[in-house]
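Presented below are the structures under discussion, each in the form of structure tokens.
Two complexes come next, and they have one chain in common, subunit A, joined by subunit B in the first and subunit C in the second.
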Partner chain A sequence: MKKKLTHIAVITILAVSGAAVFFNLKVMSLYKDIPRGISRYFISFGLQDTGSLNLVTAILYDYRAFDSLGESTVIFGAVSGIVLILSRKMLPVSSHGLSFIVKRTLGIMTPFIALFSIYVITHGHLSPGGGFQGGVILAAISIIFSIVYGSAFDYKRYSPQMKTTMETTGALMFISIGVLGIFFEGFFLDNLNFLGGKAGTLISAGSIPIINIGIGLKVGAGLAIIFYSMIQKTFREEL
Partner chain B sequence: MKINIIIAYFLMSTGAIFAVITVLGLLRFPDVYTRIHAGAVVLTISAVLVTLGTAIYVWEFFLSMKVLLIGAFFLFSNPMATHAIARASYSREIALPNEYKIDEYFSYLGRD
Partner chain C sequence: MIILECMLLFFLVMSATMAVIFEKELISIIFLSIFSIILTAIYLIYRAADVALAEAVIGAGLNTAIFMSAISQIRKGKS
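Let's look at the complex of A and B:
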């Protein structure tokens, strides 16, 4: 008897709150275009709301920023699990790397790869790209170091402690932008509009470029840590 | 027809001819090393000629410089990659030319 009452109470509360959410959405005048299709609202008002020319970035880091926070938490969980399973106590694996020609050529090309990754990260709100893509290119630099120059070189230049610091810095940047959104705008992870400049310039779109930089650091360092944990000692010494 | 468009078409068609030569080499050559040598042609010569032709075709400073930078990147990266593949397949004994009488690379490998 008591159980049945509880069931009825739960069902009533769920139905009432669901109806409240639905009618609230219809009543709110700010979002009156939403029933005609959410994508039309994004296309019409996305630039005006966020100041970002790239609408995909506007959705990822403004409208659905909480979702992106979840995704970067997934990467953090994956890195933690892989390091826990394949732990080698963060010791350098020595290998001599590839031949002299490959080392010299990549010595010329690696700074340009780094420049390209920084470009992709910082222009995420203007052109295709963004934090995730640029972060993968950043991780490719670390992979090049440990394949071409030997992983002892990679350990010396970008030690796992430094990578861990970079990843934590990226996560902290993201979350502190979210907390600043509570203080200045009223919602968690709301866009800090007072930072924004003219739409289309490099410093614009409020807090979106800062979130991009944080995600780039986080993804790059995380993937580099995954690769460094996965290479085994079965590298032949001279190749 | 302007003169730079004629030059651009000439360079691009030369690059296309080199690509056809690459395919012929990949099909006809007997073993791994000669096929690697044929495959190196398509990005080193063919792509560089096509990017040069494109740079002459658009004929604006910044666009042409961008395309030429892509060509320079090809010119750097592809011979290096071909060298790394050939060297790895030799020293890992993936493909050893057993029927060859002379093997100069074996005596060279110690001095790198």
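Let's look at the complex of A and C:
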């Protein structure tokens, strides 16, 4: 009886909130005719201002770069908290990993995954992707190592100290680009336009590729640290 | 194109429902992964390639691995 009441309450709340969202969206479509100044500005002048073909990256790392700085600070806080709670000591923990076939197959595949992540990071201003997505693919390599080959292998190849160094390097790269913007352009995190080449080539768009590389290093190393400190306890009893 | 979109939306709702109603955690995680892959296809149809890449990488890749490690930890604690 009580369970049924809970079910009815949950269904009612879901229906009411769904209806609220639906009517909200319906009301919002009234505002369609008002000229959307800022988005139209981004679409028409984004390529001129930043030299980046991918407008999403241009907005993320040029116009709204300060928001991206906030996001990476959030990731840094999450990594710090998880490491503080979950892993008391950074000890190598061994496990046997998976079977021979899986190990050899992923031994062939892993370099290509790394190549793809580097491609996604460095071509963030030309094609879909960017620092965040490529960084998560970098973290996937570390996850493959610790699941397939055992976490001792991951510890030997990429030690937690090295991951910490990579994360700090990424954050410092981002912030130093921002400080350089004060000196050369006058504003914090402004695009360093004198670095850029012709739009559409790999070395273009000013400081956006450098910020992409910094974010990629930071996100990849941070998520790898999170996964390592979560899996550390898991395999301890298998020894 | 609209038929494909409707089919994908239907399967999206189906996989989300499946992820909720199953009791076993492993099946729920697998259905969440399927949910992310279908959502990636829908984002591609709506021409949001950046969001699609992020969803594929985080939803189907990272979330599954982290949930799996959490599940194995829980089972070890029980036995």
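Criterion: the second predicted complex is superposed on the first by the 194 of 239 C-alpha atoms of A that agree within 3 Å, B and C clash if a C-alpha of one lies under 4 Å from a C-alpha of the other, contacts with A are read in each partner's own complex, and residues count from 1 in each chain.
One rule holds in what follows: a residue touches a chain if its C-beta (ideal position, glycine included) is under 8 Å from a C-beta of that chain, and two chains touch if they have at least 3 such contacts.
Not measured: the values here are computed from a predicted model.
J.: In the overlaid three-chain picture, which partner chain does A:219 touch, first (subunit B) or second (subunit C), both, or neither?
T.: A:219: touches no partner chain.
J.: Which chain, subunit B or subunit C, ends up touching more residues of subunit A in the combined arrangement?
T.: Per-residue touch count on subunit A favours C.
J.: Contacts for A:108 in the overlay, against subunit B (first) and subunit C (second): which applies, first, second, both or neither?
T.: first
J.: Looking at A:210, would you say it contacts subunit B, subunit C, both, or neither? Reply first, second, both or neither.
T.: Neither partner.
J.: Once the shared chain is lined up, is A:227 touching subunit B (first), subunit C (second), both, or neither of them?
T.: After superposing on A, A:227 lies in contact with subunit C but is clear of subunit B.
J.: Applying the document's definition of touch, where does A:173 land relative to subunit B and subunit C: first, second, both, or neither?
T.: Neither partner.
J.: In the overlay, answer first, second, both or neither for which of subunit B and subunit C A:100 touches.
T.: first
J.: For A:141, is the partner it touches subunit B (first), subunit C (second), both, or none of the two (neither)?
T.: It touches nothing on subunit B or subunit C.
J.: Would you mind listing the overlap between the subunit B footprint and the subunit C footprint on subunit A?
T.: none
J.: Within their complex, state which residues of subunit A touch subunit C.
T.: Those in contact with subunit C are residues 54, 56-57, 120, 128-130, 132-133, 136-137, 139-140, 143, 147, 223, 226-227, 230-231, 233-234, 237.
J.: Help me check something: in the complex, which residues belonging to subunit C touch subunit A?
T.: Against subunit A, subunit C makes touches at 49-50, 52-54, 57-58, 61-62, 65-66, 69-70, 72-73, 76.
J.: Using the touch definition up top, name the residues of subunit B that touch subunit A in the complex.
T.: 73, 76-77, 80, 83-84, 87-88, 91-92, 112
J.: Contact residues on subunit A for subunit B in the complex?
T.: On the subunit A side, the touching residues are 98-102, 105-106, 108-109, 112, 236, 238-239.
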